[in-house]
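Two complexes come next, and they have one chain in common, subunit A, joined by subunit B in the first and subunit C in the second.
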Partner chain A sequence: MIESQRHSYHLVDPSPWPISGSLGALATTVGGVMYMHPFQGGATLLSLGLIFILYTMFVWWRDVLRESTLEGHHTKAVQLGPRYGSILFIVSEVMFLFAFFWASSHSSLAPTVEIGGIWPPKGIGVLDPREIPFLNTPILPSSGAAVTWAHHAILAGKEKRAVYALVATVSLALVSTGFQGMEYYQAPSTISDSIYGSTFFSATGFHGFHVIIGTLFLIICGIRQYLGHLTKEHHVGFEAAAWYWHFVDVVRLFPFVSIYWWGGI
Partner chain B sequence: MAEIELKTAPADFCFPSANQTRHCFTRYIEYHKCLKAKGEDAADCQKFARYYRSLCPLEWIEKWNEQKESGTFPAPL
Partner chain C sequence: MATSMARSGLRAAAAAALRGEAKSGARPVLLNKRSFSASAHHDDAYETAKWEKITYAGIVTCTILSIYNLSKGHPHHPEPPPYPYLHIRNKEFPWGPDGLFEKKHSEH
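Here is the complex of A and B:
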């Protein structure tokens, strides 16, 4: 297999997942547009598309794990691909969230006369930043510290300890997501309440969505670590999850200061 | 024929650019704050009234007056 090729790259076998992912994306986009306009069957197509995309992600990445961990195709040269890819993906996510923070700043720094030139607009119930947001603000960075602990454990070859550290990371993350969910549930304003609601909930909502995705990624790393997939020298998947997690965690600080704290007073 | 004196609101350095929306809004609010502070018939407040009436489109003034009456005016007065 890998001994019979005279180069250190990975020429993948033909796979149906790219086309299935594309079909899923097509169904999602068309279904989404149909759902938002008065066409029959939009919701069904949208959900089918999303399920299809999730399924494709699951089987594609399962194949990557099989090819790398079980079949050994991921040489150092091949690992550079996922490494750089993860970094660039995270950079693109930063750009995405930056757009929402820009929108928030645009609306809040020079509020229009239509909302009375004040921020927050009159009548909007703001969440007290000293309550749940302040509690969540140390929880996520502690989770980031736990993931660093896990990384050091993996590098030192202490496999069991790494599993415990990952369990700690994920538990902290789930606690913080739980608190955030509770806070959304009893928030006095909604996304449709003036430009405040739109910018607040879209920025914090997308951040929350990224936290959930990051948590899922870390859970999978935890399972893989438990199953013994990760070694001291080779754990690109874990590193990608840790980088993503640190990104999510650092990004949390910016909305706390600008949206919750500054934007609420 | 008597000289007709034509005047408009003075240029305010706080609002230097072409978009004078905030200037209009600020004068409108200033007028109403003045009325609140000095009483309904104060003559000093008429200066602000002339300013906002020169700067603001009639539709906006009417809309804001309606909002004030129904208690939905968005700015604190």
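Here is the complex of A and C:
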């Protein structure tokens, strides 16, 4: 921390990233709508917007890592901000996924006459929940155990073990995503097959997307642990990744029980 | 708070009774130490080893399940009748006529 500073708060420098991220988001939404409707140049604007957002994410978080790890601005008081932020973010994600499970339950608990009054709708082939869905369910909690192993290894000061544990966490996550892809490829229905396809693929697809985000987050933590950025006393980034990962692995149990198992037999 | 204080007091009393009066007062400081969960002493090295074992158990379970599952092969589903709610197309996809993960149906 700067020695002339008489308080423990981080007064941030002016940064171009909020406006660049906003412009990227604008280009992404406008480009996305143009792409989905037959407008010229939609795909180009959408790609530009996504590249802009990804670039902003990279440089903004790079700056945060410099401020926290190299410049020591993240005092105990400052660490509270990202902690509350991560918790509120995860709470909002819980509500987001809750909406998709609600949609699925809404459509399946009292199936309409248009789909034959039954669930799964008449003519819809469903995946056997005892096959890949059942196989994929324990992989994420195992990965959750591995991230707990990594957490204790960081607290115990076992730096190498923590890297191994994070490699195990990420490997299990990648295997899970691989099986999810295989499951989608083998699935007898698609997202355009009735309300079953819509609810099934939006709920499981958004969950899978969150698994991919969590995996990227953990990969970054693994690299930072390897580089010695994380210490016994200060590893807020890792803690946020671990909370996020537990959210993702616990949430997996809900679609397994309600969508694959109850909704698929 | 109150219950844990009462509990630790009872525990200390029980321990004192077990030791007998002759030895009492030998290590009174240690016995009166209250153990709240927030200040509980976690042995991180022990926890690291424990969770490492749990992870290995998880990996072994998942590997066995994978081998069992993949050796069974995947089932083939019959083509359903063209109900109006299946294969919905309100307009063409930006990338062409086939939906995501859908092309396989025409290949079969």
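In this section, the second predicted complex is superposed on the first by the 264 of 265 C-alpha atoms of A that agree within 3 Å, B and C clash if a C-alpha of one lies under 4 Å from a C-alpha of the other, contacts with A are read in each partner's own complex, and residues count from 1 in each chain.
By our rule, a contact is a pair of C-beta atoms (placed from the backbone, for glycine too) under 8 Å apart; a residue touches a chain by one contact, two chains touch by 3 or more.
All figures in this text were calculated on a predicted structure; none of them were measured in a lab.
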Partner chain in contact with A:114 - subunit B first, subunit C second, else both or neither: both
Partner chain in contact with A:195 - subunit B first, subunit C second, else both or neither: second
First, second, both or neither for A:83, with subunit B first and subunit C second: neither
Partner chain(s) touched by A:246 [first = subunit B, second = subunit C, both, neither]: neither
Residue contacts on subunit A - larger count, subunit B or subunit C: C
First, second, both or neither for A:122, with subunit B first and subunit C second: both
Footprint overlap on subunit A, where subunit B in one structure and subunit C in the other make contact: 114-115, 121-122
Partner subunit A, residues of subunit C touching it in the complex: 42, 44-45, 47-48, 51-52, 54-55, 58-59, 61-62, 65-66, 69, 72, 74-75, 77-78, 80-81, 83, 85-89, 94, 99-102, 104
Partner subunit C, residues of subunit A touching it in the complex: 35-36, 38, 42-43, 114-115, 121-125, 128, 131-132, 134-135, 138-139, 141-143, 145-146, 148-149, 152-153, 155-158, 161, 165, 168, 172, 175, 184-195
Subunit B-facing residues of subunit A, complex: 113-118, 121-122
For the subunit B and subunit A complex, residues of the former touching the latter: 21-22, 25-26, 73-76
